[in-house]
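Next come two complexes built around chain A: one with chain B, the other with chain C.
Here is the complex of A and B:
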């Protein structure tokens, strides 16, 4: 059993005391280190003293309880000497709290503990006990855990117990409190997996009662249950039932239910196979693209990428693409953004000619979209269209768009655009990174905003790892080293930050040939900040690279240890000492 | 329709305290808990006071007793706008209790809080853990109903929050300020959903603000909001995300002949509610109550003058600023009448056809003083008519014909 080291800087008894501190931050801190306490006092005392004491903590604020359940989930099984069932009462109590995330985590931990018990009979006894107690509790929230646990142990208990559990679920599904019905609906998908252990009639009855429920969030989750049911023999036996229920959900009055259905279209398609999808659900997707509600259009547009693999290319051309023309000019930016992220997935499916005729116009329109987010989303998927049409034909339209984004007023947009570069490098290769594009990168390196320069430096490192040092040196690095002579010292710093970032990719000859002279010259810079950073860079290079790099670095540091600036002197000296 | 006779049942407060009432004790929010067993009260000092009907074996209507109180909100300073944020409780909303625990949402102008009142033991450490690393020994120092804040939602709204309601299934909470209506869930306060946005591109063009909002009593997808222009909008969450686009509008166009200086001010709706059966909407503006049938939204089925003599006093009311006072309205259980407050310690019970207007006068003598107000009523409101004794807040119990009426710092119960 691992002994946990005390890195808190506090004595253990103080940590224990602070479990009951008036200051919530101290309580959270102590709860975070429960494993340390347990490890120090040993498994027997943990079992007999700490775990019972935790009962006193259960009435605390949600923040503390969230920390508590996480803390107990980590390695407490070991810390109680492997005696898993000792933890169960605590987790059971945590299933009754108000915060949903704590209840769910606690229920999942009970599940985990039960799997670690070797004795099957014990598992049955304990789990049924927990489920019944939670079900009978005054607190209706406790039924959340019941809905989670029943599917987890259903196939491990006796026939009699299974009948009891079925009855509990039946009652919960008709409870007058909507949240209880919601719990039942949310986790019904897990119970359905046990078909035929849970029989057909039962599944149908429950789903029929849910579909009539007036609450949107109860009908919504039927989608998940049907998907899971379709992965079992239930689909063959009750195909009409399943398909009809899916259709009812697709036509639901409430857009939220239709939204959820649309969100799961790809999974539904996989469950009912391509033919099933085309026959039954394809039209719904097309209808959603024309829905009045922008949220619906958005989710339908987002799903194009995945459902396109289920559709017949002819249908894509004749039925889907005509609808996209109105979406590309939709007034709502989220809708256009969703389209931008998935429309290019159609290119490989419909072939070069069709892409050129049908998708290219849409692509070009989105490229000029007034919303920069839309343009960036499009860029991230650029490789899908360049693979089909080739880079050259597109570079004429793409490069100007990229240039425009690179000079956007909003620095966050500029930073996002830089990240797009490594997508291109990976997907398309060095030929995309023509002079124009490299010029953009250099402009970014000299941007006014520090964040943008940082991102550009990071991208340079990425590019080197993708395209190699030789390529980078020839095309990029020499120009960056030229920054040494810029008047504004912030840009001279960029040289040093770049070296820091790409250290791991440099080889020692390169360092000696190119980097050392740079550092030697910058060590004489008039600005102290620069000289200070030279120290940092030198020590980093010396430590990471070692070998014949160390001596030149030492020499540089020695010159700097006689510097006029106190800070620089101190840094150089301590650097030398550490070598 | 059977006329309901309301009778005095109980009062908290007396003449002495009422004559010298300090501003902070004025009740600013009242609400019954869903089963009627508890009643919550908020005041200008930011306190929440809870009353209960103790469980007794007696079958007759037991009286309410003080149960507990807590300090919900305190005065804060808004650094961004350099103004004070008052601690006055604007609205309360009870949530479903669990076991013996009570849950109440309270709000002032800016911050919504979820309070839990539960029976528990507060413990104190009497012997800390020592060298032997024993667990601290605890002792119970206080036992009983202890309140605790479960959640605080501080930054929901930019403008003053005027309403707070929870849907029947308690999945959503609806809050509105001057320009927006938000739908959010207690579990995920970081994701508030804008249901209605009245903000114009240019704030100088602002002409209409939201004055109140409320959920439908049973249908969790419907809610209404009201504006300062006397417009009611009925929204259905199922139809669309931004609910305003598909909302049903109910408003009566202004009669240009009757327009005067005060028209704009008095048409602002101060409060509106659904009837208990959800078929009607009662909306209260300064002088009238309009009854709308949801099935017929082109005009109201009835417009009731609450107390006509006030019409002749509009100039005075403008001077003493009482013309801006907001009055609440509630529907009776059978949906056939509504109850709303007025000045001079009075409240009115009127049937929804507007035929029978009964004015009840609140008093400390445990008497029910009622008189009928016929249509086209006139009375000279002399100096004894007290505009300071406003009955602004009231709440109808959902399980029996019992209404709680607040006037300044006193709380009255009437039953029918």
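Here is the complex of A and C:
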């Protein structure tokens, strides 16, 4: 096991001392470096001295404990010489603290430790001990770990112990404290996986008591348990029970439970198969699309992508798509956004004719949505509709939308739009790049925000690699080189950045004829930043292109090595040296 | 890659430097700042930025809008630290950039570049939290003492953090101050960091308890006497990112969007091209990670 290096700048003894410091910040710092301490003092001293000492820290502030559990989770098994059980009492104690994240991490570490013990009997003995002690604790939060651990070891213990564990779960599920019932519900899905070791009656009793619980939080997690149960033979044996309980959840009066159900629709569909989904749950999804709660409409719209694979294309056409008309004009932007992200997934399923008649109108409406995020979300899924309808026919409808987005107030929207334009250009070719589109590109290269200019430069480089230098020079580059005479240095820099970006597409002839004069002229620019970037561009061209390009570059650099500006001089000189 | 370039990379990733590196960086910075006048002469083109106040990710956003150092020249008007969550990273990045590209970036002092103020408004606590010792705070506050007090661009635009002082009439009078000290409670140096403009005549007491309040007539006279066309300062929140006053003879530039993560204001930078043409570029707070936002965090009902 490699020794851990001390990068703290403090001697080990000081770190160890500060474990007991009055200053909480120092204690946290030392606890962060527990692995360093353990690695330095060796496994034996770690086992016999450090671990027992840590027990004393357990009364400490939550902040320290959070660090502690993280620290101990890092390869501590090796640091105690492989003797996992030494760590268990500490983790067990951490399962009793107030902070939920600490309890959960500690419980998961116990799980991990137990998997590393070779002796089954030992595992049974230790785990049952821990579980019973935590269950009997005065502090009800300790039952959190119980709910996590029982499913983890259930199949590794004797029949008698299994019965005891079952009884513990039964009691927890009816505990008067809601949080205890919540833990039980949350992790019940893990226990259900052990069917038939846990029998039908037990599962049904627990779920029946949860479904009647007044707290929606507890009812919510039944969804997960039912999904897991459906992956076992339980589904065939108790199909009606499972389906009916799913339905109760789908019709639950609390929207959070309905939301959770809808969120898991795809998993439910997979578990009960397509026929099961269509017969039992499809209508719920359609109902959710018309729910009063915007959150419900939103999650239902989001799920269209995945549940569409479970539906019959006829149903999609006749039952689903009619509902989308009202969603595309919903007053809530996030509902429309959810629609934009998943509606195009329907195109490949319903075929070209239907896409053109049914989806294209929705697409065009969302394209003009007042919220630019909706439009951008739509663009991200563009390929789904272009693959079905073909890029050409689509591009005509798209250009007006692009033009509008190109002038959006939000610079990130402008930058994303450039990528979309580039996508079309690459797919269609030079015909797409009409004068109108080229003007957009040039506008972006002169955008007031630096990042937009950068994105434009990068996309231009991509376009050139596809469409070729000759086309680019005629239609685009000459106009970019004209930026040299813009008064504002930031826009003159665009010329140099562009050259940098397209170096690989340039041939030496073009460089000598067109680029060298540009660089010679800009080497005399009044602003030092331009001149130092001329150095950078020159050296890049010289190195990447070689041949007859090197000499002219050298000459430019030589002139600049006498520059009055320190940075320009430095750039020029170091460039010349590297040549 | 040299050390300083490595430090710039580390800081740009939002990571902290080792304490030993901070010490070396601060010493290098002091060397460079030491040779600067109280009033630095800056040549256009340059982009002027107002208060940052530890909003590191918004500083990254600023660079995305204005361009990176050293391609773009910058002048920062102070108040790099306090209030935001990342004063350490913010200040050290700007220092590292100053050390690496001394002619492309200028830093002047704000009222928060002070031992007293940083102990109240967060920088002190942040240093302690991130380094467990006070050394980094000590190194940085020593650097503060070396920061210049003002700048003049092309002998035409006067830049200072707060505002003017009733004790001086010319810019030259600023040059003779001994600036290498903690910001005093009163006097010229204090006023430059603390004063505010307002719709009054002449001078008035400031509610801040330091510096003064001055009106349009004061600005007009100062500008006339010193051959200045514009005073560019920061120090006060501007909801629209910048605020022009007194017939465009004074502007407040504010570069901390959504100040304190709740004011909901827009920020701005003032770009001056080589002909001193002015472009006010606005920007908003850096978006937080979309992915983590879209997952709805259902609150725990029972606590």
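As a working rule, the second predicted complex is superposed on the first by the 401 of 579 C-alpha atoms of A that agree within 3 Å, B and C clash if a C-alpha of one lies under 4 Å from a C-alpha of the other, contacts with A are read in each partner's own complex, and residues count from 1 in each chain.
By definition in this document, a contact is a pair of C-beta atoms (placed from the backbone, for glycine too) under 8 Å apart; a residue touches a chain by one contact, two chains touch by 3 or more.
Just so you know, these numbers come straight off a predicted model, no measurement behind them.
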(message) Taking the superposition on A as described, I'd like to know which of chain B and chain C A:17 touches: first, second, both or neither.
(response) first
(request) Examine A:488 and indicate which partner it touches, taking first as chain B and second as chain C; both and neither are also allowed. (result) second
(message) Applying the document's definition of touch, where does A:29 land relative to chain B and chain C: first, second, both, or neither?
(response) second
(message) Output check: A:98 vs chain B and chain C. Expected answer is one of first, second, both, neither. What do you get?
(response) first
(request) In the overlay, answer first, second, both or neither for which of chain B and chain C A:178 touches. (result) both
(request) Name the contact category of A:461: first (chain B only), second (chain C only), both, or neither. (result) neither
(request) Check whether A:527 is in contact with chain B, with chain C, with both or with neither, and answer first, second, both or neither. (result) second
(message) So in the superposed three-chain picture, is A:215 touching just chain B, just chain C, both, or none of them (first/second/both/neither)?
(response) both
(message) One more residue to check, A:411. First (chain B), second (chain C), both or neither?
(response) second
(request) Starting from the residues of chain A touching chain B, keep only those that also touch chain C in the other complex, and list them. (result) 178-179, 182, 215, 217, 256, 295
(message) Under the stated contact criterion, what part of chain B meets chain A in this complex?
(response) 96, 98-100, 116, 120, 123, 125, 128-131, 133-136, 138, 148, 150-151, 168-171, 187, 219-221, 237-241
(request) Provide the residue numbers of chain A that touch chain B in the complex, in ascending order. (result) 12-13, 16-17, 19-20, 37, 40-41, 45, 49-50, 52-53, 56, 59, 61-62, 98, 100, 137-141, 177-179, 182, 214-217, 253-256, 292-295
(message) Help me check something: in the complex, which residues belonging to chain C touch chain A?
(response) 18-20, 45, 63-68, 70-73, 101, 103-104, 128-129, 132, 271, 273-275, 277, 279, 281, 283, 287, 296, 298, 301-302
(request) Spell out the part of chain A that touches chain C in their complex, as residue ranges. (result) 7, 9, 25-26, 28-29, 178-179, 182, 215, 217, 256, 295, 411-412, 448-451, 487-490, 493, 526-529, 532-533, 565-567
